[in-house]
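The structures come next, written out as C-alpha cells.
Consider the two complexes below, in which chain A is the common component and chain B and chain C are the respective partners.
So, the complex of A and B:
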C-alpha cells in the first residue's frame, strides 16, 4: 500500500484561547485528488500553513511525503516536491511575468520547460508585463503555471479557480485530472462544490477546526440518501433514531430523513411503521456539505 | 536567485539614494571649492568634514530604507506564502537580503567619497586617499549598526509603513538621547568623525577602533537576533 502523502496526528493550532484547528487526524492518499472543504474560518488555510511550516502546531504532528512538518530542515526538503498556490494567489508585483517564471524555476531542478511553454501559450500570459498590472484571472493563471511546471509530487491548491472565467476553470479541472493521472497527489480547497464533484476522488470536510467528514466521493454517493415518508397519521419520529440517520424533519404527516448510511434499514423501518409513501433519493455533495457543517 | 529578488525589491531605493548622494557630493564640494582659495587647506579639510556630516545623514536614511522589507513586510503585502513555500530555509532568505544590503551600504559609502575625491582632483584641490579611506571606513564599518537595526526592526515589526516609521524614529531618538546624555558613546558622532578629527587641521588624528568594533559587534548581535526572530515567527 502506498503511504499517505499527508498524514496528521492530533494536529492542533490555537491562537491564544481560540482554537483554529483541533485534533486533526488526516490521511490524504497519494495519487488521488482530495478536496478539502469547509466554511470560511473552518481552519483549512491554517492546516495548509502548518503542513508547509509557515505556522507551528500547538500540539500534534504530521508528515508530508514522509517528512516531518515540525522539523525545519525536513520541511524545507518536502517543499522541494510540493507546489502550493495560496488563496490570494500571491506574486511579486515588481517582477515581470518572465522574471517571476525565471525566479521560481531556479529553485526546482525538475522544472518542466515544455509545460511552462504550453501553459504560457494557452494562458496567453504577457511575458514582459509587470505582475502588478495583471488582472486577477491572469495572476491566477501565472500562479497555476508556477505550480504545474515545477513537477511536484504533491499539489496543494487553495481556492484554485478563484478569479478564473468558465473557460479557465474548465481548463484547470482538466489539468488537475491530467496531473493526477500522471501520479501527482492533489489536495485542494474550494467553495465550488460542483467543481469538487467533477474531479475529486476523496472529500474531507473541516468544520470549526475539526474533521467532520473524511470519505471517498463514491462512498458518499452510495451511502448518503434523503428519504421522504408519508404516514397516515402523525409520523413516529423517535422510531427513526437509528445509526446513520443524521437529521429528521417532520411536517404534518410527512417525515424527511437525511441518512449517511443504513438507508435500507431506514426504509424497512418506514415500511414496518405503515408509511403509505416512501421516496429514496441520492444526495449531492452540496447537500452533504451543508448538512455536515450544520450538524456540527 | 534570492539575490536577484532582493535586488529587484531594492534597486529603485538604492539607485535613488546613490544618485542623490553622488549628485549632492559633486555639487556641494564643487560649489564650495569656488568659494575657497587654494592655500586655505584647513578650510577645505573642514569643508570635507562638513560634507561627511551631510553624507552621514543621507547614508543612514538610505541604509535604514534598504533594510526595510523581507518576509515580515511580505506578510503585510500578502506575498509571504509564496516566498515561504519555496524550498529555502528562512535564514537563507534573510541572509540574501542582508548580503545585498551590505553590498549596497558599502557602495553608498564608497561612491560619494570617490566622487568627492575626483571632483577635488579635477579642481586641483586634491585630498589624500587616506582621508577618503578614513571617512568611508568610518561610515561603513561604524554605521553598520544602523543597517542591522533596520533589519531587526523589519524582522520584528509588521505593517508596510509601521516598520520604517519605527526604524526612523529609533534613529532620531537614539541620536538625540545619546547626544544629550551619553555623548561619548554617540554612534552618530562616531560615524561622522567627530571623535577623531583634529580641530586645527581637520585631518584625522586617530581611527576610533574601539567604537567601530563595538558598532560592528552590536550589528552582528542585532543580525543574530533578527535570524532568531525570523525563525520563530509564524506567517
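So, the complex of A and C:
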C-alpha cells in the first residue's frame, strides 16, 4: 500500500467563533484522481489552504506527501512537489503571457518545456498580451499551463473548470486524465458534478466543515439505489428499517426508498411483503450529493 | 474499436469496459492477437481515470482474455474456452430472439419485455440460492 498523498487528523479551522472546517480526517490516496465536493462555504478552499500552509489550522494536523503541513521548513519543501491552481488564479496583470511563463519556469528545475510548448499551442494563448487583459477562460488556461509544466507529484486544483466553456472543460478533463496516467496524484474541488462523475476515482464530500462522504465512485455506483415498490396495501415504513435505507417516501400505493447499500435486502423484503411491482434504479452522483448535504 | 462508458449506469466503469471488450471478442470485432489501446490513449479518449483502464485490463488478464506483454501493451487472446463461449452466446441469442418474437406476438410491448427480463435477472440468482 502506497502511503496517502494527503492525510489529516482532526484538522480544524475557526474564524473567530465560526468553525469553517471541523475535525477533518482526510486520506487522499496517491496515483488517483480525487474530487472534493461541497456547497459554497462548506470549507473546501480553507481545507486546501491549510494543506498548503497558507492558512494556519486552529487545531489538528496533517501531512502532504509525507511532510508535515505545520512545519515551515517541511512545508516549503513539500510545495516544490505540489502544484496548486487557486480559485481566483492570481497572476501578475502587468506581465505578458510570455513573461509570466519565463518568470514561473525560472523557479522550477523540472520545468517541462515540451508540455509548455504543447499547451501554448493547444490553448492558443496570446504570448504578447498582458495578463490583465485576458478573459477568465484564458487566465484559467494560463494558470493550468503553469501548474502542468512543473512536473508535480501532486496537483491541487480549486475549481479548475470555473469560467471555462464546455470545450475548455472537456480539454481540462483530458489533461487531468493524461497527467494522472503519468502517475500524478490529483486532488480537485469542483461544482461540476457530471464531470467529476466521469473522471474521478474517489470522491470526498464536505458539508458544513465536516467530511460527510468519502468513497470510491465505483463503490457508490455499485451500492446506491432508488427502489420503487407498488403494494396492494402499503406496509408500515418500519418494515424497511434496514441498514443503508436513507430515505423512505410514500404516495398512494407507491413506496420509494433511497438506499446507500443493501439494495438486495430491500428488494427481498418488498418481495416478501407482497409488492406487485419492484423497480430498482441506479442513483447518480448528483442525487447522492444532494441527499448527503441535505440530511447532514 | 469504440467503447462507450456511462457514468450514471449504476455499474463500475471498469466493469462496463470489461463487458464491452468481452462482447467485442465474442462478436469477433476484436480478434485473437489484436492490440488494445494504450492506457493513456484510452483514458484520454474516454475521458476517464486511467485507473479504470488499468483495472479492466488486469481483470481481463486474470480471466484469460487479455495478455499484458511487458513494454508493448495489452493483446486479445481468445482461447478455446472463449470460442465455445462465443458459440454458446450465439445459440442463446437465437433462442432469445425467438422468445421475444413470441412475446411480441402475444401483445407485449418491448418495454414490458425488457422490464420482465430485468426483474428476472435481478431476482433469480439471490432468491434461488437462498431457498
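The rule is short, and it goes like this: the second predicted complex is superposed on the first by the 295 of 296 C-alpha atoms of A that agree within 3 Å, B and C clash if a C-alpha of one lies under 4 Å from a C-alpha of the other, contacts with A are read in each partner's own complex, and residues count from 1 in each chain.
One rule holds for everything that comes next: a residue touches a chain if its C-beta (ideal position, glycine included) is under 8 Å from a C-beta of that chain, and two chains touch if they have at least 3 such contacts.
Small disclaimer: the values here were computed from a predicted structure and weren't measured.
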Check: In the superposed arrangement, which partner chain does A:269 touch: chain B (first), chain C (second), both, or neither?
Finding: neither
Note to self: Just checking: does A:201 make contact with chain B only, chain C only, both, or neither of them? Give me first, second, both or neither.
What the structure shows: second
Next item on the list: With the two complexes superposed on chain A, say which partner A:22 touches: chain B (first), chain C (second), both, or neither.
Entry: neither
Notebook entry, point to check: Touch check for A:82: first (chain B), second (chain C), both, or neither?
Noted result: first
Item checked: Which superposed partner A:49 touches (first chain B, second chain C, both, neither) -> first
Check: Which residues of chain C touch chain A in their complex?
Finding: 7-14, 39-40, 43-44, 47-52, 115, 119, 122-123, 126-127, 130
Check: chain C touches which residues of chain A in the complex?
Finding: 31-33, 170, 173-174, 177-178, 180-182, 194, 197-201, 217-218, 221-222, 224-225, 264, 267-268, 271, 278-285
Checklist line | Residue numbers on chain A that touch chain B, as the complex places them | finding: 49, 52-56, 72-73, 76-77, 79-80, 82-84, 86, 88, 90-92, 94-95, 99, 102-104, 106-108
Note to self: Considering only the defined contacts, which chain B positions touch chain A in the complex?
What the structure shows: 1, 4-5, 8-9, 78-82, 84-90, 231, 234-235
